[in-house]
Amino acid sequence: MLEIILVSTLNGVLYGMLLFLMASGLTVIFSMMGVLNLAHASFYMLGAFFGFEISRRLGFWPALIIAPVLVGLIGMAVERYGLRRVHKHGHVAELLFTFGLTFVITEMVEMFWGKLPVDYRVPPSLDFAAFTVFSVNYPAFRLFVLLISVAIFIALLLTIKRTRIGLIVQAALTHPGMVGMLGHNVDRIFMLVFGVGVGLAAIAGVIAGPILITQSNMAALLGPILFVVVVVGGLGSLGGALVASLLIGLVQTFAVAFNVSLADLFGTSQLSAVLEVWLADIWRVTIAQIAPIMPYILLVLVLIFRPRGLMGTRDT
Amino acid sequence: MNEARPVPAIELAGVRKSFGPMEIIRGVDLVVAPGERHAVIGPNGAGKSTLFHLISGHYRPDGGTIELRGEDIAGMPPQLINRRGLSRSFQVTNIFPRLSVWENVRCATLWAMGHKYAFWKGVERLDEVRRRTEEILTEIDLMDRADVPAGVLTYGEQRALEIGLTIAGSADVILLDEPTAGMSHAEVERVVALIRKVSENRTLLMIEHDMHVVFDLADRISVLVYGQVIASDTPERIKANAAVQQAYLGTEAA
Amino acid sequence: MNQSATISSAAPASTRAGLLVRYGIWIALALTLLLLPYVFSSRLALSTMSLMGTMIVFALSYNMLLGQTGLLSFGHAVFFGLGGFATVHMLNLVGGNSYPIPLPLFPVVGALGGLFFGVLFGAVATKRAGTAFAMITLGIGELVASSALILRRFFGGEEGITTDRTDMLRVFGYSFGPQIQVYYLIAAWCFLSIVLMYAITRTPFGRICNAVRDNPQRVSFIGYDPSTVRFIAFSLSGLFAGVAGGLSAINFEIVNAAQMGAVESGSVVLMTYIGGVGNFAGPIIGAILVTWLQLILSDATTVWPLYVGLLFIGVVMFAPGGIAGLLSMQQPLLAARTLHRVLPYYFLMFVPGAVAVAGLAMLIETSHQFSIRAAYGPRMTLYSIPFDVTTLTPWAIGAVVFAVGLWLFLRAARLARNAYDAALPQRGNR
Amino acid sequence: MRTFIGSAALALAMLGSTALSAMAQETIKIGYVDPLSGGGASIGQIGLNQLNFIADEVNARGGINGKQVQIVGYDNQTNPQISLVQVQKAIDEGIQVIVQGNGSSVAVAVSDFITKYNERNPGENIVHLNYAAIDPVLTNEKCSYWHFTWDASADIKMEALTNFMKDKEDIKKVYLISQDYSFGHAVAGAAKRMLNEKRPDIEIVGDEYHPLVRITDFAPYVAKIRASGADTVITGNWGQDLALLIKAAGETGLDVDWYTFYAGGAGAPTAIKQANLENKVFQINEGINNLGYGPAEERAGAYMERFSSAPVYFPRVFNMMDMVFKAMEEAGSEDPGDFIPKLVEMKHDSFAKGEEGFMRADDHQFFQPLYIAALGELGEGEKFDEEHTGWGWKLAATVPTEDTLLPTTCEMERP
C-alpha cells in the first residue's frame, strides 16, 4: 500500500504540474484578452507531434527547444490573423473561433500522422530507472519531466514578479479591461502573450508525449480536464489554477488506487439488498472506474458550493 | 429642517462600501421624500455612481441600511428592487444594442405589465403593452425611430432611450445617473424638459454635474464628498452652505 | 449584426397583406415538407431527409440558446441523447406490454426527457453565463457521456438500446415500417417544432431572451432575473432537443451513448453557426447543409471534416451572420430593387473564390496523399488529373492557384463591398 | 423569413445531387461501411485495402459467375446513425452485401437495421458480413439470419485461451484488467467463469475495469498489479489501451505473463519490444504469419508487396470473402437470399494454415482453429516480424476447431 501511495503521489504531482503548464498559459491569455482559448490543448498536441517529428530527425533535446518555438510562432500567427479579426464580433465569436481551431488542428494532425499513436520514445539518455523503491522502478524521464515543469513554474513566477511584461500580466490578472489602456503596443503584447502561452502548452506536449500518449485524440482527452482546472481554480486566477491542477492530478491518480464500491460500503445487510436492486449499475462501480469522471463531479460540486471557483474573484 | 413626512421614498443610514482596502462609501445617510426631485452632486471620485449601484442592488453594501418606502432592500438583487418600484438609468449608455428601439422599450414594460416569463402569449397581441410602449416612445420622442436597432442611434437618442427604459416599468422611484453627460446645449434643454415631464408623480434621485440643470430641476440637493454626505438641503441653502462651497462649489463657482 | 431587428421588426400592427405573407410562408413550408418525397423518392433521399428533419429540430433548439439567449453550450447533445433514450425505453415498454399508444405520440416522451434533464442540469449551469457557462456545459457533456458507459442498464453500454417502431398501436393501418411513413412523422414533428420555436421567439419570454443576449446586466434593472431567463431558455431548449432525440430514436430504432458525446455536441454548434445564429431560419439551412456534407462530401474526400472545420472558421471570421446572415443582407437590396447592380460583383467574387478553394483543396489532398496515405503510393488523381505527389509540381500549382485565387477574391470582395454599400438604400436619417 | 424559401431551395438542390441511383448489374458490388475519413481511415482503410486486393484476385481469374467484383467504400465515421444512412445509400445503389467490422455499437445497429429492412421489404435480401465486431450478443440475444461473423467471439477466444492456460502449472495468481465497456466485461466475465471451472486453484487477485480509451498513464494500474502479487495478467484491451498498459509495465519493470486478444497492432509489438517482454506476451487469434504454410505466405506476401507501408491484414477477411464468393458460385447467384443457404454450414480450410473450420448454422458464427502465439526473437524459418521490431509472433499452441465450440442462446428466425 505504501508503494502505491508513493508512486501515486509522484505521478499525481507530475500530472498536476503538466496540467498547470497548460493552465497557466490559458489563464494569462484569458485574463489579458478575455478569451478562453479552447484550442489550448490542441497546441499541446501540436507540441507533442512536433516534438516527435523533430526528435526522430534531430534528437529530443533540439526538439525540446524548437517545437515550442514553432508552436509559439503558429500561435502568434493565429492571434494576429485570426483572433484579432474576430475580436470585433465579441467574445462568443472568439470562443467559437478557437473551437473551430480545435477541429482544424485535430484534422490536420490526423491528416499528417493518422489516428493511431505514434512511437514517440523517451530519449535514450534518460531511459533508465532513477531510483527503485519497494522493487518499483521510477523512470528517470518522469523525474526529468517533474523537474522541468517545476523549473518552468519558477521561471514563470519570476517573470511575472520581476519584468515589465510581468507587471502588465499582473495588472491584467487583477484588473482585466485595464490592459487596453496601456498604450499603443498592446497588440504586440497580446500576440506575444498568446504565443508564449501556447508555447508553454507545447513544452508540456513535448515532454509529456513520450510518457503519456502522442495521438490525435490527446487534445480531446485533455482539453475538457484543462477547462475544468481553470473553472474550478477560478477563471483568471493563477494561484487557483495551480491548486486545481495539483488537486485534479492527485484525485485522478489516487482514485485509481481504490476499488471501493457502494456494495463494499454497505456490506451485506437487508438495506443493501434493496439498494442493490434500485441502484443496479451504480452499485458495483468502484471509485477506480469513475476516476476519469472525478474532475467533472468536482466541477459540478464546486459550482454548486463556490460558483466563482476555488480562488476566483470575478464572474465570467 | 426635518419636516415630519410619513415614510421616505428612499432612506439610507450608515451605508458603507469598500473595494479592497479603499473605502469608497463611508457611512452615507440620505433621505429622499416621496415626490421629491433630489440631486446628488459632488466632485469626481466622491462615490456618487457607487452610491447608485448600492441603492439599485448592483453592489451589496458592507454595512448600513437602505430602505425603499420603509422596506429594507440592502443586498437585494437588482431585479427584486426593480420589482419593488425602483428603476435606474446608467451613466454609460446601457441599452440592448441589437434590439430595435421599439423592442428595447417594450422589454422594459413587460415585467411591470405582469407578463413575466410568459412563453405562451404572443407579444404582438398584448395591446396594453403596445399602448404603453407607444406612450413611452412618444414621451421620449423616438416614435419615428422605433424600427431602428438601438445600437445605431445617435448618442443623444441613446440617452433618451436610456431614460425611456428607466421609466417604462411601473417604478415610481427613478434614479438617473448623469442623464445629460456629454450632451450639447440644445440636447440638454430637451432632456431637462423630458426629466421634468417624467418626474411628475414620481420620486426622482439624480446624479448631475451640470449645475444649471441641478438648480433648475432639484427640490433638494445632497452633496457627496469622499464617500460622505456633507449636506442635504434645498438649493438655496446648499448654495449658502459654507462647507459645500469650500469642498465643492468653491472650485466651480468661478 | 442586426438580423434580429429584421425578425423583430417592430411593426406595431400587421397589415392584412402582411399577415397573409406571414402565414403564406408557413403554408409554403408545410407544402414543401409534404411534397418533397414526390420530388426525391429514393429511399436514400427519404433517409437523408428524415435525418435532416431531425437535425433541423436539434439545431433550432440549440439556437434557442446560442442565437436567442447568447448562451454558448458545448454539451447540447446530452439532451438530444437523453431524449432519445427516454423515447426508446418507452417504446420498448409500450411495445412489450402492448399498451395502446400510437407511434406518432412518442416524441412527446423525448420532449419530457429532454425537459427533465434540461431542468436538472440547467439548475447548475445557468447560474453562470458566458465563458464559465460554456465550460460547465462542456463538463456536463463529458460527465454524462462518460457515465453512460458505466450505467449499462439504462444506456445499454457501447451498443446502445434498440427497439422496433412497428410494434406500436396502428392508427389508420400505418405500420411505420416503410421509411416514407417515418419521413412524414418526422416532417410533421419538424413542422410543429419549427412553428412552436418560432412562436416562442415572439412571446414576452422570447423577447427577454434577446435582451439577455444583448445585455444581461441591464435586464436585471428592468425587473427580470437573467439567470431565471437563462434557466427557462435552457430547459425549453432541452425539451426541443429531446424531441429531436425522440425523432432520431424512431428513425434509427437505436440510441447509443455516442449520440450524447462531444462529437455530436460539436456538430450542432457547427451546423447552427454555419447556418447563421442571428436569423431564425439560419439553423435550418445549417442543419441541411452540414448533414448533406456529412453524407456526401465523405464520398469525395476522406479529409472532409477538415473542410467543414475550415468552412466554420471562415464563417466565424468573415460572415458571423452565417449563410442566413449573408442572405438577409440582400433583403434591403431586394426591397430597393438594386440587387441587380451588385450581382455581377458577386459573380466576380465567386469565380476566384472557387479557384482559391480548388487550390486549397489541391494542397490539402496532396499533402494528405503524401503523408498518411503514403502507403498507397505517390500517385493520385484530382479533378481527373493524375499526378505524382512526390514531385514539386502539384504542390507548386496548388499553392499558386490558391494564392492567386485568394488575392483576386479579396480584391473582388472589396469591389463587391463598395457596390453593396452604394446599392444600399440610405438609412432613414432624420 | 424569406430565407425559409432559400433554405428549401438549397435543400432541393442538394437532394438533387444525392438522388443518384445506378442499378448496374454487370458487376457485383460489395459495400464496405467502416470509418474512412479523418484519422479513422488509418484503421478502416486496412479492411478496404484487403477487400480490394481480394476483389482484384478474383477479377483477374474472371470474376464470380462471370461478373466482376467491385468494392464500394462508405464512410460511417464509426457512428451508428451515420452507418445506417450509409447502408441505406449502399442499398439504393443496388448493393446487397454489406461488409462492416469496426465497433460493436455499429455492428449491432447495422445488423438490426438490415434484419428489419429485409423483413419490411419482402423480396429484398441484404446480408451483413462482420469481420471484426465480436461482442457475444451478436451471435446470441441479437443474432440474425442476415448477419455472419468471421471473428471468434470473446467467449470462444477465452475458452481456447483458458484451455491453454489450464496446463500451465506455474500460474498461481491472475490479475484481470479490461476496458470498462461491454466487450471488456465479456472478456473478464468469461475469464473468471472459465478459470474457476478449469483451474479452481488459481486465485483471481484483481478484477479491474478502466475507462475505454481515456487513460493516458497506466502507471497507477501497474502499481496495483504489482501490489497484488500477480504472476499473470489477462486483458481484453486493444489499441492504445494495450500498448500503453504494456509500456507502463515495461517502464516500472513489472514481470508477469500477459494473455491478450489484440497485441498485434497499434504500437503494441513496439511496446513489447521496448519493455523487453520476450515470450511473455501471448495473443490468440485466427492466424499469424509465421506458421510456415505456403499458400498463406504467398498470398500475404503479394498483399504486403502491394501495400508495403501498411502490412497489417486480417486473415479472417480472406476467410470471409473466399467463403462468400464460393457460396455465390455454388448458388449461381449473387442474391443473398440464394447464396446464404450455401454459406450456412459451409466448411472451409482456413487461410492461415489450411485447417478446416465451418460456419455454424445456429448462430452464423465461423468456427476455425485458433493460434496462441508469443512475441519474441524470430527463429529458423520465421520470416515475418511486427512493426519493424525484429520480433515476430511465434506459435505457442494450436487450438483445434472442436476445442473452440461453445453453445449459443441464439434463436434464429429464418425466412
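Letters are used for the chains, namely A, B, C and D, taken in the order the chains are written, and counting of residues starts over at 1 for each.
We adopt the following convention: a contact is a pair of C-beta atoms (placed from the backbone, for glycine too) under 8 Å apart; a residue touches a chain by one contact, two chains touch by 3 or more.
A quick note: this is a predicted structure, and the numbers were derived from the prediction, not measured.
J.: If you tally the C-beta contacts for A-D and for B-C, which one comes out higher?
T.: B-C
J.: Going by the average position of its CA atoms, which chain sits the greatest distance from chain C?
T.: B
J.: Distance between chain B and chain D based on Cα centroids, please, to the nearest Å.
T.: 73
J.: If you average the CA atoms of chain A and of chain B, how many Å lie between those two points?
T.: Each chain reduced to its C-alpha mean, chain A and chain B end up 47 Å apart.
J.: When the centre of a chain is set as the mean of its C-alpha atoms, what distance in Å lies between chain A and chain D?
T.: 35
J.: Could you state the distance in Å from the CA-based centre of chain B to that of chain C?
T.: The separation of the two C-alpha centroids amounts to 43 Å.
J.: Which chain A residues sit where two or more other chains touch them?
T.: 107, 110-111, 114, 289, 292
J.: Could you tell me which residues belong to chain D and also touch two or more other chains?
T.: 38-39, 41-42, 180, 211, 214
J.: Any two chains that touch count here, so list every such pair.
T.: A-C, A-D, B-C, C-D
J.: Show which residues of chain A lie in contact with chain D when the two form their complex.
T.: On the chain A side, the touching residues are 1, 3-4, 7-8, 11, 15, 107, 109-111, 114-117, 119, 121, 129, 135-139, 211-213, 215-218, 221-222, 253, 256-257, 259, 286, 288-289, 291-292.
J.: Write out the stretch or stretches of chain D touching chain A in their complex.
T.: Contacts found on chain D: 38-43, 180, 208-211, 213-217, 219-221, 223-224, 226-227, 239-240, 243-244, 251-253, 266-267, 270, 274.
J.: Where on chain B is chain C touching in the complex?
T.: Residues 56-57, 77-79, 82-83, 87-88, 90, 94-104, 106-108, 110-112, 115-124, 126, 129-130, 133-134, 144-149, 151-152, 165, 168-169 of chain B touch chain C in their complex.
J.: Tell me, which parts of chain C touch chain A in their complex?
T.: Listed in rising order, the residues are 1, 66, 70, 72, 74, 124, 127-136, 138-140, 142-143, 146-147, 150-154, 262, 266, 269-270, 273, 303, 305-306, 308-310, 312-313, 316-317, 320, 364, 367-368, 371-372.
J.: Provide the residue numbers of chain A that touch chain C in the complex, in ascending order.
T.: Answer in residue numbers: 30, 36, 82, 85-86, 89, 91-93, 95-97, 99-101, 103-104, 107-108, 110-114, 220, 224, 227-228, 230-231, 235, 280-282, 285, 289-290, 292-293, 295-297, 299-300, 303-304, 307, 315-316.
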